[in-house]
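Chain IDs A, B, C, D, E and F follow the sequence of writing; residue 1 opens each chain.
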Amino acid sequence: MNAAALPTQLAAPAELSAGDTAWLLVATAMVLLMTPGLALFYGGMVRAKSVLNMIMMSFSAIAVVSLVWFAFGWSLAFGDDLGGGLIGDFGQVFLHGMKPDSLTGTVPSLVFMAFQLTFAIITVALISGAIADRTKFRGWLVFCAVWVALVYVPIAHWVWGPNGWIREELGALDFAGGLVVEINSGAAGLAVALVLGPRLGFKRDPMRPHNLPLVMLGAGLLWFGWFGFNAGSALGANGLAAQSLVNTQAAACTALLGWIMVERKRDGHATTFGAASGAVAGLVAITPSCGLVDMPGAMAIGLAAGVLCSYAVGWKHKFGYDDSLDVVGVHFVGGVVGTVLIGVFAWDAVTPAGERGLLHGGGLGLLGKQIAAVLVTAAFSFAATYVIAKVIDRTIGFRASADDEMRGLDLAVHAETAYDLGSVGAASHLSSAAKAHPGPSPARAEPADRIDADED
Amino acid sequence: MNAAALPTQLAAPAELSAGDTAWLLVATAMVLLMTPGLALFYGGMVRAKSVLNMIMMSFSAIAVVSLVWFAFGWSLAFGDDLGGGLIGDFGQVFLHGMKPDSLTGTVPSLVFMAFQLTFAIITVALISGAIADRTKFRGWLVFCAVWVALVYVPIAHWVWGPNGWIREELGALDFAGGLVVEINSGAAGLAVALVLGPRLGFKRDPMRPHNLPLVMLGAGLLWFGWFGFNAGSALGANGLAAQSLVNTQAAACTALLGWIMVERKRDGHATTFGAASGAVAGLVAITPSCGLVDMPGAMAIGLAAGVLCSYAVGWKHKFGYDDSLDVVGVHFVGGVVGTVLIGVFAWDAVTPAGERGLLHGGGLGLLGKQIAAVLVTAAFSFAATYVIAKVIDRTIGFRASADDEMRGLDLAVHAETAYDLGSVGAASHLSSAAKAHPGPSPARAEPADRIDADED
Amino acid sequence: MNAAALPTQLAAPAELSAGDTAWLLVATAMVLLMTPGLALFYGGMVRAKSVLNMIMMSFSAIAVVSLVWFAFGWSLAFGDDLGGGLIGDFGQVFLHGMKPDSLTGTVPSLVFMAFQLTFAIITVALISGAIADRTKFRGWLVFCAVWVALVYVPIAHWVWGPNGWIREELGALDFAGGLVVEINSGAAGLAVALVLGPRLGFKRDPMRPHNLPLVMLGAGLLWFGWFGFNAGSALGANGLAAQSLVNTQAAACTALLGWIMVERKRDGHATTFGAASGAVAGLVAITPSCGLVDMPGAMAIGLAAGVLCSYAVGWKHKFGYDDSLDVVGVHFVGGVVGTVLIGVFAWDAVTPAGERGLLHGGGLGLLGKQIAAVLVTAAFSFAATYVIAKVIDRTIGFRASADDEMRGLDLAVHAETAYDLGSVGAASHLSSAAKAHPGPSPARAEPADRIDADED
Amino acid sequence: MRLITAVIKPHRLDDVKTALQTFGVQGLTVTEASGFGRQHGHTEVYRGAEYRVDLVPKIRLEVVVDDDDAADVMSIITKAAHTGKIGDGKVWSVPVETIIRVRTGERGPDAL
Amino acid sequence: MRLITAVIKPHRLDDVKTALQTFGVQGLTVTEASGFGRQHGHTEVYRGAEYRVDLVPKIRLEVVVDDDDAADVMSIITKAAHTGKIGDGKVWSVPVETIIRVRTGERGPDAL
Amino acid sequence: MRLITAVIKPHRLDDVKTALQTFGVQGLTVTEASGFGRQHGHTEVYRGAEYRVDLVPKIRLEVVVDDDDAADVMSIITKAAHTGKIGDGKVWSVPVETIIRVRTGERGPDAL
């Protein structure tokens, strides 16, 4: 986000620019599309028996986070500061006072609010990758609501909100969400993965992606949406947006190549999955920095992310935490790379904040601030998430039963099967009970109590 | 559509706004993408043996409807009124007189015309869901052309055309297509489903979705496109568009949660398919009202739609009409909910028409008009469609042969198979006859006359 | 591209238009999305054993071409002419001198540069369709880099660059890439296919598409992106963009119907694959002409392309070159149809260049120029590509080993399998070696030297 | 004991299963198969190229039964799978020496 | 020789394979199957309509062995596939007359 | 009668089918299978984690033939499926007691 310009803009709204508004409307839709894209990206990576559950975690995050955001999340994150840059007030609950003609900068406040919402949504959805295949659905729904309120909202306020202390006091930069989205989701993912524990069979059973074309489709949609994410964060259709878009592309490309080059050397093969992962790692790393560095800087940041993340995804095997779809390896590590390297590559010819990194003669100052911001964000996110997850686990339960996990969550939780491509499926029956919707039949009164349990 | 503003705009074109034009260009592309999205959404829901036919119904609708629209549909719908607000004239056949610099409001008339086209396309494509797996392809092509001309075009004129009587005389509101798109396609779907009769094995054989990830992908693309649909209907990049976008999101989310909560209570499981269906139901319901209500109103409308539609999809089992993919249950019912509730939630702080619903002190007047418009639209659409479908069925035939239906339409009609994932497929031969394209071989002169019939 | 307007614009930059910029930012993202779309479109067409390799060719083209473009491709193509309109200079290597506030026309130069990049990417990716299932991955990476530098860049300069000789000297028109993208990729595809030779089993084994819903998804994304491609080439959000968008839709639709009508007559069946192919053929053909003809002209061009291309895809069987996914039949032939027919249908009421084709009283002049440009482009592209491919083949190798081709490139090259939908997959093991990434194990030091070769 | 194997049309599976269940068969195993026989396959067309697909989808069904039931089970399957059209399939039987129920280790008829 | 056919739970395949390999079995053939039996299937719900799916995913495994090994192999499979829960499956054996190794044309036990 | 079962490489199916047809076999049944044997599988890599896949795709083919034809059919299959490389597969035969053609109820050799 054009963080430097925003507070002023909030204070002194200019006239509406139809061009800026058009861009932000589209960017909002593009970023929203990223979450279904992520659902497919993640869905393709898990085993066929839990792809629907994986997809459902993203779709339900869209719904739950949106309602929390509209209800009070937006107000707490972007409403008037309560003091110290820690949190906003309740002045805009249920969008109170936001009329179609309210402006934020040159765009309607409503579209800025919606744009910010899409960031909150995908941050939550990203976390689901760390806990694939073993999460209680009810626990997840509660987690979405609680986490966005207690973790996302404060961090968003600190970094982007009026008087946000990380921006104003600490002076760290985060153009489009390295702290707020990437490091935050990565640290939270690690915490939840630790609370839930590894999947049954982790490190023993193969759990290879069941549908890589789906993964690649998801990667394509993410890439597309990321232009809205990063260039949209310029909050206008201008040169800064163009620069952000170019940097986004540059970093994604060097990261893609970096990742597959490492693979080729290390494992003997450049994989498709590696290409998708590399591109995403680059997109992650350029998120905080896209509007603050020049194109060669973006190339360097992307390359660093592609190489480092391709190693980082192996940590979980070494240290034994089951970050199933590599939220830590890609989003945490990529986010740290991108946020820290702002301190190296920031260039005042680009950044509206006028800051310079080490390479452009800015000294170590900015670098230090960036590292401090990374540490604070990661620590808060990890700790708060750990507590939230623990509480959910102890109360309503957060981990699916071993039985359900073995059968696959699609059947156990959602009573669905993802694919029915053969002709044997024809041998099921339309159960007559269902046709009239008579309300829960006795046998189904307690869904956990399935009479037809099947542990395969 | 910003219906209140439009007639004036048509009368007194302002200057071109690049911002508004940018938004409408993109919105047009987004709504166009909804139809391929729908193709996949529907395609995933049918059995593997007719997914291509399902997809083909949407793609062919794009082609046929576009040509009819360019040829004369646009002119009849949005051309100068012939009198009484019933239909337009032939003044703009083949886009006669529409130059790149012709304006409608602040945007080129050509883009407004194209934006309207995408609405016509998806309305027709939606109907195909009611008659999945059993429709003669030739009959469908003819239906597309005739139906858009005789049913869609008049209703579009009544609601949005110059002097359209539903807007001007009756005074009913429809911001983005509750009457024109949703109720219209829903009522038409019911009529065609009744004319064609149920699928072989309806209520006996299971006909579960063959590919739910495809359904979810379709849902994601529809959701994305719907922002263009609804917020694009503001016809400009402005606060009204932002409000519409926010309302669209709010309603989709409450509807999604409403649907799966009903499922959880009633069936014991919250399903992925239910989440997709709920989101679509909410998007449907907010379509007529998105630019006329505030966010809390949108939440209420979405919730009502999610809950009601989740019950309505069961009606077909009760009453025995085979609305295969629930066009009635989702689009008709959702459309009615959204259109009628304008009479309750419309608020002049939002709507440019300055109308108030019951809740905001507007009395019962608007509610009555909305109900009247629903009744008129549904009755006309149902009756006209029934006649059209009957005539097609009696003349060129509209229902596929039982044999073709059993084999699956993909093979029977399109000579294709959707998937070939195994290694047995290798045991087919490239038939030499084909290589030279010698024209229809004697054996294939009459495709209905397949020598190699296979009724499995 | 709004070729007529551009040189002037380059010379005398106006003020930034936020509306035009918004449109071009989005159009850039849309065209970038076309390449993942193409990956799926092509991926669905090949056999299940090489879908990932097919997808990987597109994704790697994105990365390699972007880096070449940023490094020097953009500078050579759109930098100051070195003389004679043949090639640009090195003045803007690594985007030297392009700041966020540099303008091209009314948009930031950076976004114009990025928009042009997306064209280069997809042109390269298109070529991969001609050499499906048998290409050495390393060879492909090198080809991408060399080809874009030695073939794409010069042709782009000739047609769209400052003083480009095809535009300025020859006077031929190409609005959005008939010469630069379509004919170029088609001719290059033929050359590479000839160098590599046919797939094992070509003309004997069936090689039917393994996943047609994936093909249709790809077609949908391509169609969507093509609005950005064509209407974006107006370089602004204006009437010309609207006209281009309308023409794009008109041509896609007549081509779709034209193709399937031919199929119905010739083969007895209208296929889904034919509908997708027809739509793409129409989109190809309208690319050069979309901003130069009126809507009825676009309809005619689309119809011609649909019919001709549906025959042209049979040539490969007749003449024996294995243009696997019909790059020649669709892109070369469609591109020629569209580029040549500008000479017939160009109309100065539309085209900013003020040119008239035969039909609008412009005589044979323009037609001649168009044909000349087609011949020059095709000849240069074919010859240069042939040499490049030959050199790669002789040096590092361009054709995969017969063994790898038989096993499928997914396994052989990428060590991956696209789908794992069954339960047998459970019977593989997580190999312990991998968990620690110990660097290439001795057995894997030379990947070509697989100990576990399996030629099925 | 006998192993009865039947190759039938997919859409008859449901009826065959019901008929066997009614007779008292407690279990059976089903696989997706493709059949080649008198029933011809079909033609598919992709971009104008025609493919002959000889193989027709079939269901392959196995049921191990007591010797005494073998004849009955074969005729039950034959009847339930019958449509009278070409391609209805085959039913054959093969002698079985032992059968074990994995869960309990029971052998012979008790394992069924 | 004997053909031992086993219908087992999918997640036991790996153990069964390992156990057989340890015993000295050199090869086997696996197919995906669906089983109908005492183990009930499950219910699926799509837009409120319920489907009973009777058939449960199983793995069908075939291994041809020397007569002397038949009993051992059957009990090895039984043991490795055992979970004790309903649906563990069956193992049966059928006499084989000849077996040929395609690659070499060897016949009988040598072909295994 | 004999049931001949062959496990072969997928890409040999077409030739085997043609050879059998030429010999006069009227029908056969095919299933997708996975084989474990001397032919090793392969390694797959996903985000740096390696998977050993032991199982190799195979085609499993069944044909019931008259006793007199059994030997011929076995050698025809062996010949047509032969590539000489490891993993070519096996062909075995098992005695069949009865076979019924579902369409007509014919039994024994007439049912073939």
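One rule holds for everything that comes next: a residue touches a chain if its C-beta (ideal position, glycine included) is under 8 Å from a C-beta of that chain, and two chains touch if they have at least 3 such contacts.
Chain labels with UniProt names: A, B, C = Ammonium transporter; D, E, F = Nitrogen regulatory protein P-II.
Since this is a predicted model, take the numbers as computed values, not measurements.
Shared contact partners of subunit B and subunit D are A, C, E, F.
For the pairs C-F and C-E, the larger set of C-beta contacts lies at C-F.
Residue-number overlap of contact pairs with B-D passes half for only one option from C-F, C-E or C-D: C-F.
Distance from the subunit B centre to the subunit F centre is 50 Å, each centre being the mean of its Cα atoms.
Taking each chain's centre as the average of its CA atoms, subunit D and subunit F sit 17 Å apart. Multi-chain contact residues of subunit B (touching two or more other chains) are listed as 17-20, 22-23, 26, 30, 206, 208-209, 211, 217, 221, 237, 266-269, 271, 273, 314, 317, 415-417, 419, 421-430, 434-435, 437, 444, 456.
Counting partner chains per residue, subunit D shows two or more touched chains at residues 10-11, 17, 30-32, 34, 44-46, 48-51, 54-55, 57-58, 83, 85, 87, 94-95.
Viewed as a contact network, the protein chains are fully connected, with every chain touching every other. For subunit D in complex with subunit A, the residues that touch the partner chain are 10-11, 13-14, 17, 30, 32, 57, 59. The touching residues of subunit A, counted against subunit F in their complex, run 206, 208-209, 263, 266-269, 271, 273-274, 277, 310, 313-314, 317, 326, 329. Residues of subunit C that touch subunit E in their complex: 422-424, 426-427, 429. Subunit B makes touch with subunit D in their complex at residues 406, 411, 415-417, 424-425, 427-431, 433-435, 437, 444, 450-452, 454-456. Across the complex, subunit B is touched by residues 44-51 of subunit E.
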